[in-house]
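Sharing a structure here in structure tokens format.
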Amino acid sequence: MLDQLLQLVFNGLVTGSIFAIGAIGASLVWGVLRIGNFAHGDYMALGAFTTFTANVLLGLPLVVSALLGVAATSLFAVLAHQLVLKPMRGRGLTSVFIVTVGLAFVIRNTLFLVFGSGARRFDIDQAEVYVVGPIRMSPGQAITIVCALIAIGLVGWLLSSTNIGRSMRAVAENSDLAAVTGVDTDGLATITWLITGALAGLAGICLGLVQGTFDASFGAYTLFLIFTAVVLGGIGSAYGALGGGLALGLVMEVSTWDGFAGGLDPRYKLILAFIALILMLLVRPEGLFGKARIV
Amino acid sequence: MLEFWLFVLATAGIYTIFSLGLLVQFGIAGLPNFGNGAFMAISAYAMAISVVNGLPMWAAAPVGIGAAVLFGLLLAIPTVRLRSDYLAVATIAAGEIVRYLALNLQELTGGAAGTVNLLGPGIAADYNSSWLRFQSGVRGLISNLVGQRVPSDVAFIAILWPVALLLLAAVWYMVRSPWGRTLRAIREDETAVAALGKDVFAYKLQAFSVGAALAGVAGLFFAWQVSSFSPDDFRPTLTFYAFVIVILGGKTNVWAVPVGAVLFAGIFAGTRFLDFWPLSVFASGDRAYLRLVLVGLGLIVLVIWRPQGIFGNRREDALET
Amino acid sequence: MIAPDLALHATGIAAGYGDARILHGVDIKVIQGTIVTIMGPNGSGKSTLLKTIVGLVRHLAGTTLIRGRDGQPVDITRSKPYGLAALGLSYVPQTANVFADMSVLENLQLGGLPLGGGGALFQQRLATVLELFPVVSGRLASRAGTLSGGQRQMLAMARALITDPVLLLLDEPSAGVQPDFVDQIFSKIREFSQLGLSVLIVEQKARQSLAFSDYAYVLEMGRNRFEGTGRELLHDPAIIDLYLGAGRKPAATRTEAQDVRILP
């Protein structure tokens, strides 16, 4: 039973890392640019499908393909920002939300149009299993753990020790003050999308690897979990999104452990996430780790 | 061709009722509910489950609407006080949860296979026969009236649209009533209305429930139109279509809703005419995705360049929040 | 055109939020190296004027010119807020004027962005500013949110001064600050002005600010109402009656948005 728990903790950390990578970007654009991005899940799918194109259709190695996928998603995010979201500046949250819904439609259905509705997979041996102590992991899970460590390390460094990161945190806290202090808010918006797009693409690739198969709507189905992780961590807090994602992944997996009165029926894992979301919004909208702030 | 227009009108009627609900919630009260499709689903399922368990259709219909309103209140009580972006996230999550539950509670809903499995696999469940009897009665009446046998869709439309227009008139009246004016004032400046001693929370709950009830009615007609439905008929995109319709007409224009709905249903159903080059390179099944790409593009263009909608001109119709 | 001795010249400024127009054509001049105060009842548009000058609120009409760091006139009517610090204009808002979730040092590093990163120039300016504000230098690693009201004001001013501006806009530097700190802040401002800095300051503590200003404007309902040297206004019977009246405090609320009429 302990082995089962360890395995669940591991699985939870893997899915949690994916939520975290996705949520960090979603939280950044929400906090820094005031954009709740409904297309975020579709950015993830875009990352997975561009990688799929390079990896399976063009036969490139997975690592090279993944880098291409991350870069493509990142560029797409910047492009969408310039064409669609920048003209929306100064408009309300709901209007921007609705524009991103339109964006989500365009991306998802273009992917369906190009790649069809069948399930796709990367060129990787899904049957292989690595055994480390009591834990069994798939190659996809192993890659995800490595990618998550690198991505989270890079983002952490960027936020804490660079002018770009400081500027982002400053804008997230008080965008007017940041502007009069000299933060180039226009340039920062582009950089924020560049990072967010890259992270979303990476999250999509990892999710595709861990799930094994995916179609064009698999990112959209994850969106509400990503948002839950964002809210858990406090909107706009990148560190919070990291913690929120990991916590959500862990809770969802570990809740099925037999040790909890036989464990929660796995079918209800998502309900658990939903309850967590509503509770957080009601009780601590500033996030699990946030300081209460009067706005 | 007639068949095409009948389909468009039937779809548009259901969308009219559904979108009226969103107009009350979002356009008038300023509550962006991205999970309104869930109320449609709950009503449809509650009605179908009641019928297969022996309730007569006319008794099951109010059960469906009641279930939608009950769930609406359940969702609204904790969430309508939230900031608009939080509310949007909470409602989209609620919608997904309902769909997810319907997929997984197979004993109750028949699961992914749809309502045909309501009584368990192997028994073809049927919630629709009394409706079809009623509809064919109406069809007979109309056929006698016009002197020739009309398609059954005509009967469906002849029942649906009077209901839709009645509800439209009711919403039109509500929006102009002191109740509607108070809701609009809440949307503009909540604290000012609260300062006048009005119970803002109660008003928001009422607006949310009205929207849920209208979604419930739409859900009933949707269920009656088809003979089996499944949770995937209620994807989040359903609610997004209603947003398109409401925004298309200008978000507070009640009369523009049916126009927007017909236009939308026309464009939606009309994509089968998109078979010219270069679109003809796509397989006809894939061309369905093309219309969704177009819907997405249309939504983006509309919100960026014409936030007051196609028919709206007043500032109030503009999407600013 | 901006006259040769002016640091700031705003003419016919109109601005507002949404449908609510706050300013209806305000004219303000700041002579180089002087301290100019803007006074007026709540809702008269004082803070909005500063926000319009720095580009946080859009000019609906009017022109704002400043004399940049190199002495050249610059039209900043359509400028983005973030470009102004590099031109030599710094602004300290009234409330929420530090990044509370970030450290004191990080606040200063952000202020130094227009200097082009954390190079030698920044280190040199940082040392200068920390010397000016010893209160701040002891708390570099603290989260800015843990500072007292007066310390925050000092930090906000330190951040604004790190770029070595030629024109400083201050929105009620005495707000939320303990009385003994207020004197300190005012004397600091005087000190900077003697070094050649031009200061435009919005202040509720009318008597105190008039006493140390070279010139002052009184706004009312978004229009110019009185102006004169600090000494003139201090002794003007109309001003005394309306704003400095015996024991009369400025209206209790500090919200700019509502139009509180003090005059009959």
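Each chain carries a letter (A, B and C) given by its place in the written order, and its residues are counted from 1.
As a working rule, a residue touches a chain if its C-beta (ideal position, glycine included) is under 8 Å from a C-beta of that chain, and two chains touch if they have at least 3 such contacts.
This is a predicted model, so every value here is computed, not measured.
Student: Among the chains, which one keeps its Cα centre farthest from the Cα centre of chain A?
Tutor: The chain lying farthest from chain A is C.
Student: Per-chain C-alpha centres versus the global one: which chain is nearest?
Tutor: A
Student: What is the distance, in whole Å, between the centres of chain A and chain C, each centre taken as the mean of its C-alpha atoms?
Tutor: Spacing between the chain centres: roughly 42 Å.
Student: From the C-alpha centre of chain A to that of chain B, how far is it in Å?
Tutor: Measuring from centre to centre gives 31 Å for this pair.
Student: Would you mind pulling out the distance in Å between where the CA atoms of chain B average out and where those of chain C do?
Tutor: Their C-alpha centroids are separated by 53 Å.
Student: Using the touch definition up top, name the residues of chain A that touch chain B in the complex.
Tutor: 30, 36, 38, 84, 87-88, 91-95, 97-99, 101-106, 108-110, 112-113, 116, 220-221, 223-224, 227-228, 231, 235, 267-268, 270-271, 274, 277-278, 281-282, 285
Student: Considering only the defined contacts, which chain C positions touch chain A in the complex?
Tutor: 54-56, 80-82, 84-86, 91, 93, 96-102, 106, 109-111, 113-114, 117-118, 145, 159, 163
Student: Which of the residues in chain B come into contact with chain A in the complex?
Tutor: Counting only chain B, the residues touching chain A are 26, 32, 78-79, 82-86, 88-90, 92-94, 96-97, 100-101, 104, 236-237, 240, 243, 247, 282, 286, 289-290, 292-293, 295-300, 303-304, 307, 319-321.
Student: Quick check on the complex: what are the chain A residues that touch chain C?
Tutor: 163, 166-167, 169-170, 173-174, 176-186, 291, 293
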